[in-house]
Every structure is written in C-alpha cells, then in structure tokens.
Amino acid sequence: MFVFLVRRLLQAVMVMLAVAFIAFLMFRYLGDPVNNIVSQDATQQQREEVRQRLGLDDPMAIQYGRFVINAAKGDFGVSYRNSRPVSALLAERLPATAELVLVAALLSLVLGIPLGIYTALKPRGVLSQGLQIMSLIGISLPTFVTGILLILVFSVWLGWLPSFGRGDVIDIGWWSTGFLTASGLKALILPSFMLCLFQLTLIMRLVRAEMLEVLRADYIKFAKARGLKNRAIHFRHALKNTLIPVVTIFGLQLGGLIAFAIITETVFQWPGMGALFIQAVNFTDVPVMAAYLVMVSLIFVIINTSVDLLYNVIDPRLRTDPTRASGKGA
Amino acid sequence: MNAAPIKLKSREAPLLQVKGLKKHFAMSKPFLNRLLEGGEQQTVKAVDGLDLDIPRGQTLSLVGESGCGKSTVARLIMGLSSPSGGSILFDGADISRAPAGQPADIRRRMQMIFQDPYASLNPRWRVADIIAEPLRTYGMCASRQEQRREVDRLLEFVGLNAKDGDKFPHEFSGGQRQRISIARAISTKPEFLVCDEPTSALDVSVQAQILNLMREMQRELGLTYLFISHDLAVVNFMSDWIGVMYLGRLVEVSPAAELFANPQHPYTRLLLDTIPDLEMSKRDRQPAAGEVPNPINPPPGCHFRPRCALANERCRREAPVLRVYDGGVSASCHAVEEGRANEPITVQASAAQSLRAAV
Amino acid sequence: MTMSDTSFAGRLRSFADSDLFYSFRRSKTTVIAAAALALLFFGAIFAPVIAPFDPFDIAHLNLLDSELPPAWMEGSNSAYWLGTDTQARDVLSSILYGLRISLFVGFASVILAAVLGVFLGLVGGFVGGIVDAVIMRVADVLLSFPAILVALLINGVMRGILPANQHESAAILVLVLAIGLTNWVQYARTVRGSTLVERQREYVQAARTIGVGRLRIMLTHILPNVLGPVLVIATINLGMAVLTEATLSFLGVGMPATQPSLGTLIRVGNEYLFSGIWWVVIFPSATLAVLVLAVNLIGDWLRDALNPKLR
Amino acid sequence: AELRYAAAGDIYGLDPDSMTDSFSNNFLSHIYEPLVRYNKELKIEPALALSWEVVKPDVVRFKLRQGVKFHDGADFGADDVVMSLMRAVDENSPIKGNLPALKSVEKIDDYTVDLHLAGPTPLLNNYLTNIAVFDAGWLENNNAVKPINAELGQEGYTSTHANGTGPFKLESRRPDAQTVLVANEGWWDKPQHNLTKIIFTPIASDATRVAALLSGEVDIITPSPLQDAKRIAANPGTKVLENPGLRTIMMNFNMRDKLVDGNVEGNPFKDARVRKAVYQAINMDLVRDKIMRGKSRVSGMQIAPEVPGFDAKLNERFPYDPAAAKALLTEAGYPDGFQFNMNCPNDAYVNDEEVCQAMTAMLAQVGLNAKLVTEARTLHFKKAQEGQTDMFMIGWATLPMLDGFSVLSAMLHSPEEKLGTWNPGGYTNAKVDELVKKIDVELDETKRREMMVEAFAITEQEVAWLPLHQQPLSWAVRDNVEVVQTADDLLRLWYVNVK
Amino acid sequence: MALLEVENLKVEFPTRKGVLTAVDNVSFNVEQGEILGVVGESGAGKSMTGAAVIGLLEPPGRIGGGQIRLDGKRIDNLSPDEMRKIRGRHIGAIFQDPLTSLNPLFTVGEQLVETIRTHLPMSAADAKKRAIGWLAEVGIPAPDRRFDQYPHQFSGGMRQRVVIALALCAEPRLIIADEPTTALDVSVQAQIIALLKRVCRERNAAAILVTHDMGVIAETADRVAVMYAGRLAEIGPVAHVLQKPSHPYTAGLMGSIPRVGPRPKRLIQIEGSMPRLTDIPSGCAFNPRCPKVFAECHRIRPELRPVADGAAACLLYEGVTQ
C-alpha cells in the first residue's frame, strides 16, 4: 500500500512536470501577454520594460525552471491580468468548479447506473431502446449547442431557471457554497445537467454493456443453479461485478468533467476555474494557465489514485496487491 | 551431473541431447517494491537441471502433473525461450542459445505440434498458406506451383483432401485441424518432432486417429519424437522411453514397458494409481493425496517429500540425483537407492488422511 | 461447409451470406444509420459536384444575398435551398463542404490514432520489457488527462512549430494531429491487451518455431487477429473526433471560418440562435447530430456483432 | 432602484492603477474619481478639481473641490491628489504611460496643487480623466502607497478593497461572478440617477447575455450583439440602444520591402495606387447594411466626428469603384492582382471576422487574393505589431486622450522611440512627422486642430491606412431603464434612471 | 417411481439457418441415490441435457418437446419463479470450472449462507453454523477461518470442493455435475470424484455426471448413457456398457481408448468425426462412420431398444435385416 502510494506520488510529480513543460512550450505561441498589459499606444521601451519585469525575456528553460521551483513552494506567480497571486485566484474559483463537477458526477451516477441496469435487464423493451437512442442523441450534439438550447428553453421561454451564474452563495471559511441557498441550487440545475449529459450516457451504456457481460458469467449461471432470487442475482452478484469497470471509467471521466467544465462554465458564466482558464487563454495569462494545468493534473492523479484505492474496497482480489489495479482497462 | 540415463541400444549418437537444462523465471516484485519493502528476488525453477537423450527414430515421452515444466522443456528445445543454463545438442550441434528458427538448416529439421488445434492455426489464414509458411520461410520450393503441389501432397498424406487447402481453419473439426498442424510440421521434412499434448484437447475417438497417424508417420518417415502428455495411457501407446517429471526435475526415466511393470519412484507409482481402470468399474480407488506444490517455494531436499509416504530425514535434507539401475531404469529417490522402496508402496496411507486435510 | 471462392463475386456472395451481414440486416436502426451515413458520405465526397455553390469561391459571393431564409420561407431565393449565411454563402453548400472537412478531420485523426495506437500496442505487447513500460506509462499519463485539454496543448504546440503564415492552411493538419495524438491510447491499450493474448497463442509460437521474423509475425499473424476491437473503437471514435473538432472550434482553435468545418459553422452560427437566422445553426447542427448518431449506432452494432460472446 | 448590469467581461481588479483596461477603469470610475471627467457630451468638466490654470508652459495649477469625503469618511484634500498622481506615475506603475508628461506634484495648500510637467502638454486634462484619486491616509494605513508590484507576488490591498469619492461604494465582490455597488449618499455632486444598488455580472457568452436580458434576469447588457437587435426589440419589455461609437476600425498596409506572404517580387503596397485600389474595391456601404445591420458609420478618416482633428470633408470616402480599382492595379503593373495575407482578430471588434471575410470576397472580385487569417486578439496583435502581416485590422478609439493626436503620433508618425508605436507597416512622410512633433507641444487649440487636419489630409491622400467605419455601440436594456449612451462606449451609471 | 424421468427431451436452437436440434428425443430415468454417467464426444449434447433438466438453457436455446418429471411432477413447464425454487433446493448443479463458478467479490461464507437461507428457513447464525459444517464436510481444513475468505484465496481443488458444498447445501436430491473435474489436475480429479461419490452416497442423493472421460465413469457411475450427435446411442449398467457395448459407436469409443499394459500396434479408430448439428445424416446419425452400416441405416432412424441389461439405438437390434 505504502509502495503503491509512493509510486503514485512519483508518477504524479512526473506528470505535473511534463504538463508544466508542455504548457510552457505552448505558451510561447499563444500570443504576447505584454500587449494586454500595456496600453495600446505604449512605446516599444515601455513594452520592453514590462517584458523584463515579467521575466519574459529569459530563455524558456529558465522560465520553466523558475516556475517549477516556485510551484514547488506553492507559489504560482501573479496573474498578469488580475495582478493577484494565481493561487488565490484558483482557490477562489475552486469551490464553484468543484460543486459543479460534483453535482454533475453524482447526477451521472444516480441516473446512469439505474438506467444502465434497466436497459440491461430489459434489453428488448421499447423503453430501453428508446433510452438507448435518446442517450446517443444526447451525445451527438456538441455540448455548447446543448447548453444554449437549454438556456433558450428553460430560461428564456419557460423562465424557470436562471441562465447564468451560481445564484446566491454562502461563505464557509474560504469555501463558497451554492448548496445552501434556493437560488444556488436552482442555478446548479442547467449547468450540471449539461455537464453530466455526456458522462450520464457513457455510464449508462457502460453499465449496460458490463451488466450484459456479467450476466453471462459462469458464476451468475451457478448462482441461478443455486436457486437464488433474481433480485439477489441482479443487484448483489451482477451489479457489484459490474461496478469495477464502471469505477475506472468514472474516475477517468471525472477528469473529463473538469475539462468539459471549461465549456459549461463559459456558456453559463459559472465563476469556476474553467472560465478562469479560458480568460487566461484569451489574455495569454501564462501563470494562470500553467497553474491551472498543473493543478488539474494534480487533481487527476488524486482522483485516479482514489479510484485505484476504491478498487480494493470492491474487489477483494486486489486487497493483497493493489498494484494490480493499475492494469485497468480504458 | 550424472551421465545420461538412457543406455543406447545402437552405437549411434542420440539425435537430441539435453544436459543440465535449466529455466528459471524471475518472479520478483517491481524494483520500487523491493526497494521500499525489502524482500529478495524470487524465481520459479520451471526446469531445474534436466538430462535427456533421445535416440534417433524413437519416442521419449514426458509425463507429469500440470506445471511440472513439460511445456517449458518443449519450448526450450524449440528455441521459443532461452535456457538459464545447460545445453541442448541437436545431432551434435549446440542450439541452446539459438533463437527459434535459427540456424535454419538445423531448425528446419525439428518441428513442433501444439496442444490446442483451435489455437495453433491462424484463423485468418487459408489452410494452404498455413502449411506453406514453413516452405516459404525456409525457401524449400522453387516455384509457387511446386509449393502448391507440395501442400496438396501433405494434405493428402495426413488424410485430408487437397481441395481443403482453400478453406479456413474454422471450417474443420478439431481432429482435422490437428492433421493440418501435423502437415505443417512435417512440411520441412523434419527428423525430430516435439509434440506438446497433441491430443489432450481432442475426443477419444479422434485422439485414436491422431495417435495412429503419428505412429505411422514415425514408421514411414523415421521420425524421432519428444512426446508430452499427462495421460499415462496415451504415453504408453506412443513411447519407447518415458520420463516422469516433478517440479522441474526428472524423477524417473525408464523404458516404457519397464515403467509400467515396475515403477520405481513413489511419484511414478502415485501417477500410475490415478489411471482409472476401465475394466474394474465402480471401484473405490484411493485418490492421490495433496495438490501440486507451489513451484515458487519448493520444499528443500526432495521436492516430492511432503507427499511421499517413504520420506525420512535424509529426504528433507538432501536432494536426490538421478541414478541408473538395471533394465535402463533410472530414478532419483533416496528410498529407491536405499532399497526401501522395494515393498509395494502404500501411498494410500497418507492419502486417506490428507483427503480431508488437503491444503 | 461452405465452398470457398476467391473471386470477388464469390467473396461478395459469401459476405452477403455471412453472420455479420445477417445481423446487420436484422437490425433496423443500423440499416437506417448506415443509409444516413452513406448519404452524408456521398454528399461530402461529391460536394464539388452536387453542391449548388462553391462556398470557397469568394469572388462570387455577393453580400446582397446574405441571410436569405430557406427556400420554403418568405423572402427566400429558391437557388438557396437552406438559405444563406451572413456572408451570403449557401448554407447547403457550406454544410456539404463542412461535412467534407469534418469527415476528413474525423477520419484522418482516427486513422492516425489507430495506426499509431495499433503499432505501439503491437510493439509494446509483443516486445514487452522497457519499450512496453515506456509506451504504457506515456499512455497512462495521456489517459489521465482529458482529451480536449491534451488536444488544446498539442494544438498550441503545433501552431508554434509551424511558421505563422502557414497556420491557416495547416489548420486542418494541426487538428488531425491534435485529435489523433490524443486518441491513440485506447487503441494501444486494446491492441496491447489482445497482443499479449495472441502472442501466447500457439499459432504464433508455431510461426516462431518456423523462424518467421518478429515484424512479420506482428504484421501477418497478430495484426489481423487484433483488428476486430480496433474497428469498433475506430467507429465510435470517429463520432468523438468529429465532436472534438467542433468543441475545439468553440474554444477558438478549430478550423478557421474561411474553411469551415461543421463545428466551425455551428460555432459561428451559434451566435445567431436568438436572432431569427436559425437556419445557419440548426442545419449544420442537425447534420452533425445525424452524422455522430449514425456512426455511434453503427459502432454499437458492430461491437455487439463482433463480440463472439454475444453471438 | 436596483440595477442589474451585465457586460462581456469582468473588471480585472479593484485597483485602477493596476491596469490599462478601459472597461475596468470605467467601471472603477463609479468608485474612484479623477480630477476632471468627461460629461454626457464627452466634454471635459471639473470633478475633484474645481478649476485649473497654466502657470508656466510646464506647470499647471489645480484648485481642488472642498467638502468632498471618501467612502470611509475621510476628507479629500491636496495630499490625496499628490499621493494618487505620484502613485500612478511610479516607476513600477503599469499605467505610468497614461500620464507621460508628469514629473512631480506639489502641494501648494490643502486645496491647491501644482503639476510639474516635462513640457507643454495640451492634452493634460484628457489624460487626467483617467487617473483615479485615492485617500492618502487609507493607502498608508494599508501599506498600498506604491502601486501593486506584481512580481513580488503580494496581493495588493487595493486589488480587493476600494475607497474612493465616487457616486457608488463597493459593497461586495466575487470575481467573475458578481460585484455589488451601493449609492454613495454623501456624494459631493447632485445625483442624476435614482439607483440604490448596482449588481454587476460579467457574462462572456453573447447568447447567454442576451438570454439573461430576455428572461428578465438583468436590466442592461453591454455589448448587445448586433444580430440579436431585432429579437431584443421585438421582445416585450426590452429595447436596444444603438449609436455610432468612437472606435474607428481600419486596416494597416505593409509598406516594408517585401510581402510576408506574397506571390510577387517586392511589395506592391509601397505604391499608393495599389493601396487606393484596395480602398476602392471595398464597398463599406454594403458592409454596413449587411454585416453591421445598418448600424456602423462608414468613415473616410481614422477618427470619429467627436474627436478633435476630425474634418467632415476628409471624412468623404473614395468612392467604391471596382473598375477604377482594377484600372489602378493595371496602372501599377498588377493587372491580374497578387496575393498577400490579411490578419484579423475574431474577438476584438464588432463582427470583426465577418467584416474581413466580406472584404476578402470584395478584393477577390478585383483579382486581389487576400489570404485571410483570423485569430484571437492576443495572437493577432502580437503578429500585427511584429510586422508578420501584409494587412491587418485594428480599431482605435483615441481613448483616453480623445484626440486625433493619438492616431497621428501612434499610427502615422514614422516608427521612432516613443512615436509610431502602432505603425508596423512603416508608413513614412517627413511632413507628417514634422507636424506631429509640433502638435505635441502646441497649446493653442485652434492651431493644433488645423495642423492635425493638415496631417490627416496628407495621409489620406497617400492612403497611408485604410479606414473602414466607426463600429456601432450596441447596448440593450429593459424598457424601464433610462441610460445615456456616450460615443466612447463607456457606461456611466450615474446618469441612469430606473422607472 | 424414479426420481427423475426424462422423456423424449428435445432441445432446440433457432438460428437463421433453421432450427438446430441439439438434444433429440432423449429419454432416461435416474433413480433415488443413483449416479448416472453421461458420456459422449464434445458437442454430443451432454451439457444441454443437463441444462434442460435444471432449467438453465441459455436463450435462444429452448426445450422443444418432451417432458421432464421430478418425483412424477412435470418441471419443464414451470414458471421461472417456480423453477427457481426447484433449483438449489431439489436439483443442484456443479459446473466444469471452479474458478469461474464462484463470485470473486463475495466470501465463500457469504455465498454459502446466502444459498442456505434462500431455501431453508434459518437464522443467519444457524446458517453460518451449517455453512461451516458443509465446508468441513467437503474436506476443507480450518473451515471457520476459511469461511471468511474469498475464492481467490483457495486452490483449484479446494474451490471445486466449495462449489460442491454450494450445490449440496440446500440438500437437493439430484445433482447435475457437468464435467466437474475437467479443469482440474489429474491428481486432484480423483479426489474430487471420490468426494462427490461419498457425499452422494451419504446423503442418498442421485447424480447425473456429465463427462467425456470414460475412466471417471467407470469408477463412479452405476449406469451410463452414451450420447452421439444429440441422441442417446446406448444406456445401461456401467459394467455392461464398458465391457460389452451393444452399439457400434460405444464399441468404437471403447476401442479407441489407449490402455495401460501391452500396447497394440494400432488403436481401434472410428473414421471421421461427429457430424455438425447442421448436417446430421438421415437415418442413424452414426451411419457414415459405422463399421457395421447397411442400407437401412441411411433411411430408418433407430429407436432405443432394450438390449441385454440396457438399451441401444441401433438397427442391429431392431430385427431389421441387412
């Protein structure tokens, strides 16, 4: 277990170094932040001054090294755009994204698993087939179009739900939560639905496929031969085995949710990290972009590690040797 | 190491000689685990010092429980994996370090037949292409026509129709597929065939066909076989010599008739006892005790000791070596050496207890 | 036993007789999906021939004709069946040409990903050792990173490497690379898994004992036997790739407006959703949805049909 | 009344000295005030200063308003002005370029200060409209006398707190989500608004912003996408406010020795006839009618009518005439046209990408093959400035100067140390250079204007740039909101009334 | 009355090329406490017969005709729920592979207790006691410790013991064992067979033992049924069938088994192989391979006729003349 965590830690560090490196490679080509900082008619000399102050005239390798060293100390530098420490900016926006992603993830599980089970147990039912096709249509449209359509219907036409923002939030320490107010909860509905749509479909289809697979397994046949009740067979024996791949994919998809939050947050003006990242891209706010990418990769590593640990809970075969979990499928 | 146990009837040198052959698989944990958790490198001694001579034109069979290393021996001889020690001489040439297929002029003379007739033919290839592959690889045919003629001949030789060459393997039954494998194996006109459980996936009625075919081929083509099986009855039908393997080592090598008539090693006796007797129906046979031990951690001394009724202190301490006895029999057992095994061994005694206490 | 026939007609006949074709015929949705897909392909491939206008021929655009509604509506010009956009481009023609680009990006990136992934998976699975470890660690890292972010990164780097004045012309290749390089992992993992299994199969051992070379074994023996799942992944990924391109377009790094893909058309049209010029966004979106839906349905079917356990 | 206001982006922070972004600065001018400000007509009027006089050519004396209080209750006085102005031009200040001429500020008495300048500065007041006045004591107490030094990584107190003299006080702020202002009851000026509270929300997506207005979640949006005007107007309860703005959109020509992406030797754009051919090939009326939905103001000059230096005669465009354009090209030796690249931003101006696309189509009709590249503004302006384009689009509003000199000095003067910063194409005319230098120090308003018109006349004759139009301001509000729309596209909520 | 009566059982698979008959008109009885061996080559329909009896034919497979009676009561037409109550409680089953028969995610104890409590009214504590008793019964040492272990912690032979315990723990009177030892090592096979024999005897349970290993049959079964191409070729007491087979197929089969002892030059071999279900010849299914074939064999399908102590389906015994 200890070894497992150490290995994950090393892996995490490597991933983050690589991500930061790629990020730096890329930023050089994203545009020139200086243009966004000085006023439009600033002189060449003023531009040079700014460039120098930001350390942009140093070679890439030095900039990268500096970033890595500072980042190790938890200092991601200062946003060019907001003149505030990047860590503060990210911390400010973390709750919004976290809550959005959490709700979307839960929604996708809470809806996806039962629907998947249903369609697996009744594969030929009209409702099942309808659900299957519906789910495919759901992922056949780009999410940004879905988002705008949701706004059009539920905000503009029906006026039921807000079209943007988080509603009222309540601060608990540095964490701001929208879970405790009616408007906050209302504001969550559309964005989290848009965000979860893809994962929902995925999980539903995955659960269905795995369930069908598991129901064909020998131990299910043997369970039937023992005369167990259908309920026990489906929901005890089959479901638990189904959950193993679902957990993997879910873990991987959680990363996807964070990334796709970029689009959801843009469409719904959700004040989270994704929106911050897009602003940073538009502004060439290098420190913010780099910190975001590094932080997101850290989150992924944490998620993946937790998923692997979760395996041990579900699968006794791994308890003795958690490294076996790393052989998970895509 | 002792001298090769098989006393040759002719003065001719054996076609295949295996000396002190070893194959150890490293089973260690990843580097990081060892670094942080300690623990040394573990190895599975799949083959652990094996001596064999196979005379030209004869059949030597290897029997033994699952995991005792039979297939590994076959793979080592064919060059499919490289030995950790020892040597393999084919017709006097050392091929123990040569990879499969090389050197071509020697490897061409040795071929292999596999266990699973369904898995040993590439399902996407036509039968004619499968059989022609060795011909092509060793450049044995001058033209495509010649190649095709040769394939047709081979198909008919193994009892199939020349037209079957255009079909795919899935269009054949298991027995027919094994015939195709055989046709492929003999296409290079080999002198030596390694057969790793060639019939264990087949039904008895088909098994009989294949075994008969192989015997005929031996007669007609003068082939030498290394035949691997876990079925002693099959081995009896096929072999001139039988080697009994236990956890990577040979425990007994004898002429076939001798082995059945007069088994020496307690393990051989145990194996013989597992053969159900068709004539004596509903007999309450006392089954062999215990399960195959873990090859990662074989007991010190004689590996068979935990299951052996004759084991004593010496067996615990000292690993026995293969000794030659009368009648071409050789066995590696302290009890045999000391003459303690001459009484009919009662494996049953221990077996009856361990039926309930088997771990 | 079926007679084997190597002639083309014979193969066709035996295909028509095969289980695959039978299960295809039996699944109505799949047949409809395939028909829709064939139609879209036809439209894309023959766009230069069947499109009423050439949206890239800017010299013939006349702003006066911009924003005409579809032909059945008032104030339309019957030459433009699905109306025109703000640049007076014929929407139908734009869709056909956009489809061409979307499909190209989709196919090319899927092929790139598949070729790369299959190759790396084969090599990793067959050679093993360090090579395998390196490939799989890189794959792990990529896999634990969301596709659009990776695509964004690769896109950024590619743009940086190319000289500035080629960005526009290379945009399509950059996208193909970005999406392709993001998606190879799935293929590599699958192929590696099957290769590990196939490698142990006796037909491979048999080929080795004959002395067939490694590369030859990989290509002629193992490859054909691991392609089934690859085909399934490729089909489903095709839909994903087309959508990814659209999403990247939304994030401003997709195809430029001068050679719009379906995604770009939707991104641009999206701004007109409220303004009454709905046809510039609805038609491309519908086309995209039909395309992805059809591809996914076929992929679904293919997965079931090729899965021996389900038969 | 409460006003819910949505714009396309959030302000960058709360410290007006930390950024040059005009949107942020404008928003902060509800909290912080300058010495002088623009009124509804964009004329300069006293704010915290009551009056000013030029004591010497390089010294200007300001009399300050008395009885003004900061939001925290502190009194306003000369010390505050001294500290605020020096803070703005501090060595590390990102905005020191906004007040280039200021050398020092001298306190004469509690309500009088002298500004010492590098030389005669005719545009001093224009510059000052953009400089916020802080409370000296508050800055000192909060360790914020120096502008925020980004490199040190400290979080400046002023970027999260605000204390000005303006008509509104900061109540709360969540970046990217919501900034709430409440009316300042003790404002020195007589309020022309009836607001008690302003709830400001950035909404980046155009569609979402419009949806928010249509669904009644906000009262005013800026900008409102042109294409949605019809929909908003048709919607009961909402209306669109549209006027021509100050920002003039124009195209720059590469006049260096070679084209970046051409198919001919040398650079045809060095020939004024070629530039004029491009000019005449473009039908800006059609662009206005179609792409800008009739809302833009076609322009022959690089500045808008509101900007000093404007001249109605010069604002006449050369007529759209493809035949003449072709003739000019033939005359210049390019009967079949040639290829070059053209760069446009796609997120900087109203329908920027569409305008460029339409232009390429029009240019194609006279045989010119413009290879259009549209990019995000960060990439676009980087390339533009580095001279990696043959033609690029830029919009110029002359803010905060609000004077033609801004264009002359930055875009038409030959590239030099402080001048010609936005002349990457390399247009040079000795006469223009000479005029620019004179205008810079001319205090006489009439003479300055004459010289400016003269310089513009020259550059226009030579087609130094290709002016296109002034882009429209487009805001949308709920019917009950009365708002003054000024040409600088800045929302001054202290003129807003909600019925 | 026999415990189990199978009469003219037909198992069919509808495919697109028509309906395949995997089990064709098979009839046999199993008496209380008797072990009936079912042998035959791969694909002969042995497993399908067993699956039909326990009602676990996998779709699209279905019973296409005939009757199955347990204690004289028909069970082939019961509703799924009624059949479920029979499974485990009255008919138990053991399958070939002990590795895959156990759910890897539940402890052995959980699976035992679950089965016991499904069928027998019992408190959890009692069920646990009983489960541990069963583990001991099948020869698992330290059963109370093993109770809480997962299947992967058991060796192959021990897993098969657990499977046997699971099949028996609701005390069924009939066990269907479909190749229970094929996946096991030679030396373990004998142990498992011995165990099966012992528990059946002690509990007076009957068993249908499906296998293609004649040796296993010889030492286990009371009677043996030989299947060929979905049909019953011969059925009778073990000694009789193995030593003096009536049907030419059985005779061939016995001859082709190599034996220990003096070895023949050739094994007796039956030419060809069993036909696929899609092209079973008309008349006797064995006619293309039969050494004693005559014209009528291609026309008339033989019925099962009493021969000696058993019965065989061969025209030789129907008085049809050559």
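Of note:
Going by the order they are written in, the chains are A, B, C, D and E; count residues from 1 in each one.
The definition used in the following text is that a residue touches a chain if its C-beta (ideal position, glycine included) is under 8 Å from a C-beta of that chain, and two chains touch if they have at least 3 such contacts.
The shown structure was predicted, so the numbers you read here are calculated from the model rather than taken from an experiment.
Common neighbours of subunit A and subunit D, by the contact definition above: C. Between the interfaces C-D and B-E, more contacting C-beta pairs are found at B-E. Chain centre most remote from that of subunit E: D (centre = mean of CA atoms).
Averaging Cα coordinates per chain places subunit B and subunit C 50 Å apart. Here the spacing of subunit A and subunit C, counted between their Cα centres, is 24 Å.
Our note on geometry: subunit D versus subunit E, Cα centroid distance of 90 Å, whole angstroms. Among all residues of subunit A, those that touch two or more other chains are 30, 148, 152, 278, 281.
Residue positions of subunit B touching 2 or more other chains: there are none.
By the touch rule above, subunit A contacts subunit C in their complex via residues 11, 14-15, 18-19, 22-23, 25-30, 132-133, 136-137, 139-145, 148, 152, 209, 212-213, 216, 252, 255-256, 258-260, 262-263, 278, 281, 293, 296-297, 300-301, 304, 326, 329-330.
Across the interface of their complex, subunit E is touched by residues 65-66, 173-176, 203-209, 211-212, 215, 230-234, 236-237, 256, 260, 270-272, 274-292, 355-359 of subunit B. On subunit C, the positions that touch subunit D within their shared complex are 58-59, 61, 63-64, 66-67, 86-88, 164-165, 167-168, 252, 256-258, 270-277. Interface residues of subunit D facing subunit C in the complex, by the touch rule stated above, are 206-207, 210-211, 214, 225, 227-231, 260-261, 283, 286-287, 290-291, 341, 346-347, 353-354, 357-358, 360-361, 364-365, 371-376, 383, 388.
In the complex of the two chains, the subunit A residues touching subunit E come out as 217-219, 221-230, 232, 236-237, 240-241, 314-317.
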